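In the two assemblies presented below, subunit A is common to both, partnered first by subunit B and then by subunit C.
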Partner chain A sequence: MVASIGNLALWLSLIFSILQIYVSKKGKLKVISVIVNGLLISSLGSFIILMYLHIVSDFSILNVFENSHTTKPLLYKISGVWGNHEGSMLLWILVLTIFNYFIFKLYNKNNSLLISKTLKVQSLITTGFIVFTIFTSNPFKKMIVEQENGLGFNPILQDPALAIHPPLLYIGYVGLSAAFSFSVATLNLNNKENIAWYTYMKPFVLVAWAFLTIGIAIGALWAYYELGWGGWWFWDPVENASFMPWLLATALLHSLIIVEKRKSLQAWVLLLALLAFLLSVIGTFLVRSGILTSVHTFALDPSRGIYILIFTAILGGYSLLLFGKKSKNYFDKNYFNFFSKEGSILINNILMTIVCATVFLGTVYPLIIEAFTNNKISVGEPYFNATVVPIMLPAILVMGVGPLLAWNRNKKSEILKKILPSVLLTGIMSLIIVSIYKSFSLIGTLGVILAFWIISNNIVILIKKRKNFSTGMLVSHLGVGFLILGITASSVWQEEKITKLKTNSSTEINRYSIFFKDINEVVGSNYVALKGNFVVYDKEKKIVTELTPENRYYPVTNIYTTEASIHSNIFRDLYIVLGTGNKSEGWVLKIYHNPLVIWIWIGAIVIFIGGTISIFKNLEKLKKI
Partner chain B sequence: MQKKIPIFPLIVFFFILSVFFYLLIVDRNPSELPSNLINKNIPTFEAKSLISGKKFISTKEFKGETILVNFFATWCKPCRDEHDFLKKISDKKKVKIIGINYKDSSKKTVIWLKNLGNPYSDVLVDKKGRIAIEWGVYGIPETFVVNSNGIIKYRHVGAITGKIYKKISLIIDKNE
Partner chain C sequence: MNRTNNFISKIIFIIFLSFVITQIPDISYSVEPDEILNNQNYELRARNISKNIRCVVCQNQSIDESNAPLAKDLRILIRNKIKEGRNDEEIYEFLTDRYGDFILLKPDINLNTFVLWFLPFCFLIFGIGIVIYHNKKSQ
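For the complex of A and B:
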């Protein structure tokens, strides 16, 4: 019964969405308003009903049966709604309609043409996703025979970070759909209206970018403590699928500033907006069609793959053809000096796009090779590290200088004067860090110098409170500095020790001695586990912390997981994973000493805060036009 | 020049989509992983036989006939699923199947084979997973077809299904 209402709500949102396609252009404001609100309410309704079905464990519903179990904690019953393919599509639709609502909220007399066209494109996208969900992935499908209990939910996904990871990421992806819609609408206007389309597009891009950043970071954090490999990024195709739109969103965000200030690069920005969303959809395709093997792969179903592919072809074919035909209206001849803010942003753009293309090539290259030669190859971490890192280095360097350059007019001697305090600060901090780790690897030293360069630059300006700088930008850039520091230190100076240890004996890593006290069986809410107790001492024999890694067994899904135990402070993480073993021979242990890892997560949060500050500032700007 | 640029993204886009489309409709299996060992000699190894208790030396045994090598364990559910296909292969195709018992208890394995039937000509103990590492095993079950010259002709990751059964049969026929 309840499920039928959910299904009805889903169909209702399809009707509203189709209506919006027809009405948005010529309809009266009141009619459009009813439809936009109706769409939002109906999609919210179907989502809440699915959530309700998961909470009450209604196993007459296939989706609940396949992904839930009565013993599952409430939080994961809720997050289980979007932890599976069908439910996550419902969340996609909900976020799409929320953005649709906010686009409508911008509607006024002066921009009616742009907004109505944007709404039309947005409703086309929404319709595509609702049709896909209803016909290939309906979460309200009923079971033929009602079951007593569900199959359970993959235990490694039962985690607070992973509970919020998908919604954050979807806000990011779908935020880019708004940029896409604005871009198509703008191209359709032929540049005759003289309307500030970029000012409307920017807050959406900011939201998308900020949420993508934090969403990716939380995914990485989860991989770090849950997968027990000591690392946090594996160049998995699905990680790449989120990284690529992020890179383009970064480029898009920065070039929107140029458009705003100089009316330059307009065609380029319109193209970036199209590509960023298309890459998000292609990413979805790669994950859900089963075309690639990945740790993230959802249930495989070729018919879904074909549908998403056709949908992507329509979206991409239409928008890129439109771009080919109309973009000449947006070519401009407002040139600018290379040694200026615009110049540095342009370099940032080029480099981000190259990184994106490089990652894309690495991700799809095995597929292209397979299609043409029938050979299977795999492209992995060595490729990505060897190609992405060197391209990112100059981008980071430019990032440190760019914001200091005044718009378009700069003498080179002036630039030098401005950066002197940061140069000094960078030198001192880098010397300290490099001398602590006594390691002089080129990439490591370079990375640390660049990180402190950015950190000191932004702190100097923030303290001086120069008026012509955006606080949001400074804070975000500061966050990027922290991020680079954490990434560099944890990847270059990581220490790993794999050893076999009996109870009542100890081993050493870095300057710590780790004592294996005992190992016990423990019983959790829906698992049983072996739990090791380790005491960590420092050089002075003082207790630093106790670590308790676990090996868990979840009987419902018949899955074993390892729970790493981590002790973090601002200098380093100590990370222990319990392996196999027994009383007489001892247990296999993997121990990591990861310097400065915490700065990755701090960096991501700081970037997000900076992004949020900018979002509010840009919304203020919108009110003025 | 400037006129040509705007259409360039469209061309690239459709090129990539057509690759995806081709791969979707073509009969392929993403879990058929690339292996550096295809068309190469099998890695040499020694192991204890679970059945005879004697030492098994690979260089002596892989000669003169097509042999299937199957990595399995009693704790692995897909291994149970593919067991019937293994029996079918050993009955109908009359090829030797060497089972490599990956990180498992020998006691449980004996009971398991008693209950489900034994398709293997020999079962080798790989308690520490060393043999699996030598063969580049990705996850069990995993199956290799080795021809009469001791050269690996095919690798399949995951349980054998009806489709894979047919494919393996074809490869066996071709190599005989």
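For the complex of A and C:
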């Protein structure tokens, strides 16, 4: 009964969405308002009903039966709604309609032409996804025979970070749909109306970018503590699928600044906005269709893959043809000097796009080769590290100095004067770090220098209180500095120890001694576990911390997991994983000393805060026009 | 103008430099204590090879990270080959003969992968071209 209402709400949202296609352009404001609100309420309704079905464990519904279990904690019953393909589509639609609502909120007399066209494109996209959900992935499908209990839920996914990871990413992906819609609408306007389309597009890009950043970071954090490999980024196809839109969103939000200030690069920005969302959809296609086997593949279903493929082809074909036809209206003849703010942003844009193209190439290359030659090849982490890192290095170098530069041309002597303090500061800070870690590594030294290059430049801007800088930019750039520091130190100076240890004995790593106190069986809410107790001492024999890694067994899904135990401070993480073993021979242990890892997470949060500051600032700007 | 060219050639040099030094140390291992060789050089070589070898029964993992039995067999095989005195190239060759190019996470440069390795470089040259063009026109 309840499920039928949910299904009805989903169909209602389809009807509203189709209606919006027709009325958004010529309809009365009141009618559009009813439809936009109706679309939001009906998609919210169907989403809440699915959530309710998961909470009450209604096993007459296939989706609940396949993905839930009565023993599952409440938090994971809720996050289980989007932990599977069908439910996640419902969330995707909900976020689409929320952005649709906010686009409508911008509507006024002066921009009615732009907004109504944007609403039309947005409702076309929404319709596409609702049709997809109803006909290939309906979460309200009933079971033929009601079951006593569900099949459970992958215990690896039962985690607070993974509970919020998908919604954050979806805000990012779907936020880019708004940029896409604005771009198509703007192209259709032929540059005849004097509407500041970029000012409307920017807050959406900022939201998408900030949430993509934090969403990706939380996914990485989860991989770091859950997968037990001590690493946090694996160039998995699905990680690439989120990284590519992020790169283009980064390029987009920087070039939007140029459009705002100089009215240049309009055509380029419109193209970026199209590509960023198209890549989000292609990423979904690659991951959901199962043609790229990845840890995130929910189900292998060719009909879904074909639908998304056709949908993407239509979306991409239409928008890119439109761009080809209309972009000339937005061309300009402005050229940028190398030593200027716009020059540095141009370099940033080019390099981000090149990285994105390279990641795309590496991700789809095995498919292409297999299709044409029947040979199977792999493109993995070593390829991406070898290609992406070198392109990123000059981007970071330019990123440090860009905010210091003025618009138009700068005298080289003035640039030198401006960067002198940060060059000195960078030198001092890098020397300190490199001397702490002693072991000389070229890439490590380079990474540390670049990180401090960014941090120093931002500190200098802050101290000198140079006018015209944006607080959001400053904070975000500082965050990137922290992030690079953490990435570099944790990957270059990681120490690792693999050993077998009996209880009541010790092992050493870095300047710590780790004592294996005992090992016990423990019973959790839906698992049983072996839990090791370790006491960590420093050189002065003082207790630093106690670590308790676990080996868990989840009987419902018959899955074993390892729970790493981590002690973090601002200098390093101590990371310990319990392996197999027994009382007489001891247990296998993997212990990592990971320097400065925490700065990766701090960096991501700081970037997000910077993004949020910018969002609010840009919303203020919107009120003024 | 001359100075600009200088600056650009420096950037190109940095990029080239970084192509040479891109062996970022890897992050994770699933090697077990009984596999580890006493000879540190041998062990390091085994590690580096393992990181480039795909675990063929896993999803996007190297044999160095994987807990799968097949991965363990391959790790031991690589170590035995090293102890026999084979060099890295011979070991890679042995593995690709047996399992095909699919097993290499860092694909060799050959007819199939030429585009894969060459294209990013073309992107970069093209990008640098745009920047130089802009700079010239702006003067």
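By our rule, the second predicted complex is superposed on the first by the 622 of 625 C-alpha atoms of A that agree within 3 Å, B and C clash if a C-alpha of one lies under 4 Å from a C-alpha of the other, contacts with A are read in each partner's own complex, and residues count from 1 in each chain.
In this text, contacts are C-beta pairs under 8 Å (C-beta built on N, C-alpha and C of every residue); 3 or more make two chains touch, one makes a residue touch a chain.
Keep in mind the model is a prediction, meaning the values are calculated, not measured.
Once the complexes are laid over each other on subunit A, subunit B and subunit C cannot both fit and instead clash. By the touch criterion defined above, A:172 lies against neither subunit B nor subunit C after alignment on the C-alpha atoms of chain A. In the superposition on chain A, A:337 contacts subunit C only, with no contact to subunit B. Touch criterion met: A:306 reaches subunit B, while subunit C stays clear of it.
Comparing subunit B with subunit C, the partner in contact with more residues of subunit A is C. With both structures placed on the common chain, the touch criterion links A:320 to subunit B but leaves subunit C unconnected.
By the touch criterion stated above, A:611 is placed in contact with neither subunit B nor subunit C. When the two structures are aligned on the shared chain, A:45 is found in touch with neither subunit B nor subunit C. Using the contact criterion defined above for the overlaid structures, shared-chain residue A:481 touches neither subunit B nor subunit C, since it reaches no partner.
Once the two complexes are overlaid on the shared chain, A:377 sits against subunit B and subunit C alike.
Overlap of the subunit B and subunit C interfaces on subunit A comprises residues 293, 375-378.
Every residue of subunit B that touches subunit A in the complex is listed here, in rising order: 2-3, 6-7, 9-10, 13-14, 16-17, 19-26, 28, 30-34, 77. Contact residues of subunit C toward subunit A in the complex are 3-4, 7-8, 11, 14-15, 18-19, 21-34, 36, 51-52, 54, 59-62, 65, 100-107, 112-113, 115-116, 119-120, 123-124, 127, 130-131, 133-139. For subunit A in complex with subunit B, the residues that touch the partner chain are 267, 271, 274-275, 278, 282, 285, 289-293, 302, 305-306, 309, 312-313, 316-317, 320-321, 323-325, 327-328, 331, 364, 367-368, 370-371, 375-378, 558.
If you check the complex, the residues on subunit A that touch subunit C are 229-232, 234-237, 293-295, 335-338, 343, 346-347, 350-351, 353-354, 357-358, 361-362, 365, 369, 373, 375-383, 385-387, 389-391, 393-394, 397, 409, 412, 441-443, 446, 490-492, 494, 496, 498-500, 579, 588, 590.
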